[in-house]
Amino acid sequence: MPPAHPFDFDAVRDTDDEDKLREECGVFGVIGVTDAANFVALGLHALQHRGQEAGGIVSHDPDQGFNSARRFGYVRDNFTRQSLMETLPGALSIGHVRYSTAGGKNPVIRDVQPFFGEFAMGGAAIAHNGNITNANALRRELIERGSIFQSNSDTECIIHLMARSLQRTIPERMEDALRRVEGAFSIVAMTRTKLIGVRDPLGVRPLVLGQVGDGWVLSSETCALDIIGAQFVREIEPGEMVVINESGVESFRPFRPRPSRFCIFEHVYFSRPDSIIGGRSVYETRRQIGVELAKESPVEADLVCPVPDSGTPAAIGFSQESGIPYAMGIIRNQYMGRTFIEPTEQIRNMGVRLKLNVNRALIQGKRVILVDDSVVRGTTSRKIKEMILDAGAAEVHFRIASPPTAWPCFYGVDTPNREKLLAATMSEDEMREHLAVDSLKFISLDGLYRAVGEAKGRDTGCPQYCDACFSGDYPVEPSDQVEKGFQLKAAE
Amino acid sequence: MPPAHPFDFDAVRDTDDEDKLREECGVFGVIGVTDAANFVALGLHALQHRGQEAGGIVSHDPDQGFNSARRFGYVRDNFTRQSLMETLPGALSIGHVRYSTAGGKNPVIRDVQPFFGEFAMGGAAIAHNGNITNANALRRELIERGSIFQSNSDTECIIHLMARSLQRTIPERMEDALRRVEGAFSIVAMTRTKLIGVRDPLGVRPLVLGQVGDGWVLSSETCALDIIGAQFVREIEPGEMVVINESGVESFRPFRPRPSRFCIFEHVYFSRPDSIIGGRSVYETRRQIGVELAKESPVEADLVCPVPDSGTPAAIGFSQESGIPYAMGIIRNQYMGRTFIEPTEQIRNMGVRLKLNVNRALIQGKRVILVDDSVVRGTTSRKIKEMILDAGAAEVHFRIASPPTAWPCFYGVDTPNREKLLAATMSEDEMREHLAVDSLKFISLDGLYRAVGEAKGRDTGCPQYCDACFSGDYPVEPSDQVEKGFQLKAAE
Amino acid sequence: MPPAHPFDFDAVRDTDDEDKLREECGVFGVIGVTDAANFVALGLHALQHRGQEAGGIVSHDPDQGFNSARRFGYVRDNFTRQSLMETLPGALSIGHVRYSTAGGKNPVIRDVQPFFGEFAMGGAAIAHNGNITNANALRRELIERGSIFQSNSDTECIIHLMARSLQRTIPERMEDALRRVEGAFSIVAMTRTKLIGVRDPLGVRPLVLGQVGDGWVLSSETCALDIIGAQFVREIEPGEMVVINESGVESFRPFRPRPSRFCIFEHVYFSRPDSIIGGRSVYETRRQIGVELAKESPVEADLVCPVPDSGTPAAIGFSQESGIPYAMGIIRNQYMGRTFIEPTEQIRNMGVRLKLNVNRALIQGKRVILVDDSVVRGTTSRKIKEMILDAGAAEVHFRIASPPTAWPCFYGVDTPNREKLLAATMSEDEMREHLAVDSLKFISLDGLYRAVGEAKGRDTGCPQYCDACFSGDYPVEPSDQVEKGFQLKAAE
Amino acid sequence: MPPAHPFDFDAVRDTDDEDKLREECGVFGVIGVTDAANFVALGLHALQHRGQEAGGIVSHDPDQGFNSARRFGYVRDNFTRQSLMETLPGALSIGHVRYSTAGGKNPVIRDVQPFFGEFAMGGAAIAHNGNITNANALRRELIERGSIFQSNSDTECIIHLMARSLQRTIPERMEDALRRVEGAFSIVAMTRTKLIGVRDPLGVRPLVLGQVGDGWVLSSETCALDIIGAQFVREIEPGEMVVINESGVESFRPFRPRPSRFCIFEHVYFSRPDSIIGGRSVYETRRQIGVELAKESPVEADLVCPVPDSGTPAAIGFSQESGIPYAMGIIRNQYMGRTFIEPTEQIRNMGVRLKLNVNRALIQGKRVILVDDSVVRGTTSRKIKEMILDAGAAEVHFRIASPPTAWPCFYGVDTPNREKLLAATMSEDEMREHLAVDSLKFISLDGLYRAVGEAKGRDTGCPQYCDACFSGDYPVEPSDQVEKGFQLKAAE
């Protein structure tokens, strides 16, 4: 086995210990507009929730060739500066925000996308949302053949596969490469003249097409079209590749067709509430989850309070269905965000209190329903429960807008090891006891499917979504993980 | 007239153009706990909404004397670092966050509080929330007598008055000084052994007393007691001075008593919704403002949407009173915050769109009630209205949780010149036309008084609150301003 | 006694442990040229050897008033940036570089000059080279009267004395203030329209007048006139004050006349070798010291090597007088300079080796004469001797271009406490033994006087120079020090 | 042709326009000592003159694998910090300082060495001093075969050639790769267990072996052995590869033997005067050049002055041979160094004056001989001549310690294009006229050979040195350059 890649220790460290699953990436690209990189910066800012650690932009201009800038930190702190943006000229540009890659734990700028490859027929840049489940095997094979990897990222395999392809154009080489790749990928790429978008055959991660003036846009979510005033055209379809230049959009189908399996957690948590997926408002779907939850697991109480901010739409729905008043029982400090500096011991131990405070006057003596989007390790839920009780609540009832998260995701989401997932080791009842709350209810998988519009629920032949984190039903075998000893459900 | 004070051009510049009144300061102090400065850091973090530009902490330790650190930027970015906090030892500490002083427009570290003065009997540090309305006259007089000012801040007058007082103890000198001062002040100060709190006779700005273990706390708001687990004891009363040391809290009344006039805008906008003022939950008061507003100015519509985040509690109240469903029609980008860097022209012009996006799928074809806390210049309201209409709303109705803001505040709030206030130059009808919305209604002054618990409304002899920004009724004459030509209402 | 002033712990720390006396300040001012601050930046760069820790510039422009910038670090790293210099407009500007003040050990920006004071008749800025020997007493008196000090610097006393003066113009107030001040001062100051220069009656520190185009320049040394292409006019005389405006230079004599006592160490070490003092080239004087030293203390040897860089001119003179070849036996690493960052333990322990390396091939087997400018603590001399012996030298002879430094300087030079001075506790013979060298000889005080042009040596009535660091003969009583217990020579 | 590689615009830019040839790199490695990276940091600090732009260190520790840190700026500003050095554990480490690569003009961290490659049998890091003259052709070939380049550096070819080698060990793969490479290379490399050193068959660049305790050191120059207290063992021979592990040093001869051609300019300028090359003191060689120059081109004059600092040893030699007194007529400001910030126009135009000042009192009325190491573009010489005349010199005679530089170097030195070299377009007489000096003489090529110990001069069959920059006699054809149109001398 090759040694771990050496890394720079940079100043940046994630001390934010949110007890959430985290989407790992957002991608955005635009062609046919002046100063395209400025549009990409705005698009990435709108997609910042998909990756807060770092961002990168590549642009191309016929005179100045390819240019690239990759930075740690928020888009708004880097890619709004005139001096930086002037180094990214041209009418064609792509960008990427990321939380963390499949690679090492210490963030290094080398791992920040877009990645660039110089091929015999010209350069190409690539930005990837998702995760390649056979990356380790591919990397080993490529190193044996003499490829030099520069990052710890699974995405780099695609560049090396393209470099070794026998095809003559970059789009053809990309098709060739992606046919060797397993897992989830929504890709935005560019050559000197073309913007390219691809989604894996299952369509696990989102990718949409928009139009702005005479130009075209590719984006992870529709909310990033809004910010630049672009019109939504359509979603890129699972298994589709689009190649866009000044004459328009060409569509290809490089892969063998399969029934699609879009990530249902994009509806629950990852996507922004003002985005539209599959023609449905994400906000409305989440509100509807609250409605379903109120139907499935009603409880007598005085207040419905969201765990801010992600529990808010479901709490509104729960309140509307149940008739129990909606209230902001927990206030989120707006001045948090990701902290890059090492706090003092004393301050670190304050934990959740720095971010959240209970509205004591409101809560005291009340029976409170707390609506949250999910329970991962359970550590945050526990602290919130304690805050609510400290404030004098009479009863605390948790209602969770997703089924128990019992399996890790291998398709581009940062999840703890299975043994760290509360639901992997406890039943719903054990969890209730562990959290010491008056009641704890998760929406059922069927209820969730109903909320996203599948009236008959999940088990109608092949499910329409990837729900592996709840069901353990992995639509693509996570082969690198199995090699490392991960036990599939069937094997249990 | 003395020349303007020279200033360093620092890198920091406020490019955030929020169309809001802004509280200028928050103060916090603690005595009798180990590593008091850490508590102050936490308290200031909870008070960050009262001043985002800069913060400072002074501590005292018998061995190491006074230590001080003042920084631009958020508390969480400066005062959580172990290396900095270790330079602030001791069991006695005070701190300050500020938005901007009465002084120059270019922020300089010299203007950041707490201020420190070395007197013949020892040093003292002082942190001030409010504004001294005769500061210019005092400054002139003090310079004539040979004082050297080091800042542009009105607060520095207090230090120089104390330096020249004939009294023998620091608390006595502070009394002496404050009797020369007009305007609004809630002060937290410290000597080598004492923590001191004072509120002006009108009690315009808040100040509360808490207890944590064996120690005592002074804070602008109760939410900052919660973050350190302190118990609320009572409010410092208007005109009261408390001097706290290890033997306990002594209370003094240095000023001639006057009927109190607490700032009513603290209820509407400045204070955090999880704070408690005068025994009332700020959140609940705001929700009640929404209830009153729905009673006063009902309208048929499909949705009640808050302008995030400050309009949220009133929107909830409006929805509950009117029965019209509450919905998050506008989504706020959580990754904004104050930007310290100069963005590109293109990005700057995107303005509000960077922060807010409309939930298009929700809004389309709907009659929408937008609930906001106030209208200042009207520029933001106008942009929001356009976003909502672009998204296809059928009707747009504005409901404002405060009366028209027609007069500037001179008591510690950053307000534009009178001619920039929309309500100073237009009637409600003209404003509706100017904003081009289907209806625009402000809560009445009486309605606002009812919401804060004055069942009979405002005009019951002397009003219980300072509402000068709505009424032009200034409880203390703003003499510096009058000298500069400001026209009082009586003079109109 | 008032408590020590609180301070910010800034990132800057002096880890440079050079075993040298260090001049504490350089001053520079210019009037009557466009963008005067740029000239000041260049002048301060040429005076950087007089103070490497921090620098400041104040300028005045009729439209924009006074502006100021003060920074830690080298002039070239701060005051050459277009963006900073644009904030310092106007045809009148003064500046200051400093090593460290009489105040605290932790550098704070508050202590960096020029200082600014706002008086009833307008503002003034002041930059001071020297040290006020009764500053503590003055400070105590001023605080008793109600002055608030903002720095730890002795110089601030002058501002407060001026603020309390009964005179009507700023120059008159400055005269008034300086008559209360004891010690050494060469001052460059400015009002809105005037450039002012003053030297104390003894003329301990240098100050020269130059002309550039239609403008006038004041500078600590002539080398800073050269850098801006200014012509040397004359030295400001001891006890003289010049007030310069567009109509020219007026000269005043505010002090009772006294025989002058210029610092002889300026010739030995402080001033730059390309400066001219009293009509004599500093380089030539130092070469002449080498000649005198060779006459006084000859020795048979193979090579004369300077301890770089300050020993170079005397070594050249020694070689020329003795006929022993001059050689660069010790090489100085050009990439040192002041290090602001905390090095690893291992690296810190390498000490002198990081800066100096012996030219082994040259030294091996040779009898080496090392010429250095002075011996302070002796720590560096010891390390250098060891390096030379390690490299295989047959004999090591030290020749020192100044008499034994046995007394601290209180007139603006950073010296260790008396007990740390090697020559305060050891005879020349004991020092030779302590350093374990084959011979050690210092130039005699008379020899030094001869080298600076006093053919008859020192003791010709009143000595023409301040040589207190060698003789203990302090021309002004260091009263603050005596109060703290310092033993004058007479008292021994 | 592949497109130019995209680059990050970093803040760093070289505004230093010294009119000098510049060595491009220094290399250093150590095995068998605790915290090896600290030793590498010290070694690189001593080699800083060989590359001031950036530096990098890789270390290996059995537990933590490979670690790497690469930074812009001086070694002392980055690689002395405890926090950074702690990230580089282990007993095996190599490092590199560089001026600029063969690649783009905008420095990017990607181009900073050491480079790391992950091969099937483990990782390796490589640091290279020199230049590969067939890098473009190799790069093209490797890209055709599917390699992805991550930098603009010629050195990266070596890594890719190694990745594709069929050999089984890393040292064997390195041999394999280097046999495809043309040009100059002194390489220090490391695997998990071995330190490797190689010199090209001509031995153009230096590389020496040393011993420290039980450990071994490889370094570009001996001065870097001194700083860590290591003993010089021997030079690595031209065409030799050494592989060092705990059992000792093994030596290999992978290349066909050729007569060696060491760079003669290392003696003239590149190496530090305290280094020893081929058993000769560099300082002594330079002094000897001055002696030869005085013999070849004597002139009557009053003073011999070096152009500081590189002309100093030759000036000393010239003075000693001619009997004309040596003097520091030009003073160098010690506070310069490379400036990374953009100065104001006014300051930029001061040019050389910021760095150098004439010792006016010394120069006035004198006939001055200026000794400099070389003339490249002639711009600096011209400015210096003007400064000297402005100061009132009666005559100015230039004596240059190298022959006319008429040809660019392609073996690891940054030289201007041929048409920018003054000596490429002018005869010695034309140059004298162009510089407008009283006389201008260069040492002859034979004189230079005599000074380095070749008593018979250059043309004794095959010359012992590479002197292509003077003679146009390139020992390895610069094939990439010829392809781009460079005219060899034979072709003229």
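Every chain is named by a letter (A, B, C and D) in the order it is written, and numbering of its residues begins at 1.
The rule is short, and it goes like this: a contact is a pair of C-beta atoms (placed from the backbone, for glycine too) under 8 Å apart; a residue touches a chain by one contact, two chains touch by 3 or more.
It should be emphasised that the depicted structure is a prediction, and the values quoted were computed from it without experimental measurement.
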Taking mean CA positions as centres, which chain lies farthest from chain A? C
How big is the gap, in whole Å, between where the Cα atoms of chain A centre and where those of chain C centre? 61
For chain C and chain D, let me know how many angstrom lie between their CA-based centres, rounded off. 37
Per the C-alpha centroid definition, the whole-Å distance linking chain B and chain C comes out as 49
Residues of chain A that contact two or more other chains, please. none
Does the chain-touch network form a line, ring, star, complete graph or other? ring
Show me the residue ranges of chain D that touch chain C in the complex, using the header's touch definition. 35, 38, 41-42, 45-46, 48-49, 52, 74-77, 80-82, 85, 223, 226-227, 272-274, 276, 280-281, 283-284, 287, 309, 312-313, 316, 320, 325-328, 331, 333-337, 339, 341-347, 350, 353-354, 357-362
Can you list the residues on chain B that touch chain C in the complex? 2-9, 58, 65-70, 84, 87, 109, 116-120, 122-123, 125, 143-144, 146-150, 159-160, 163-164, 192
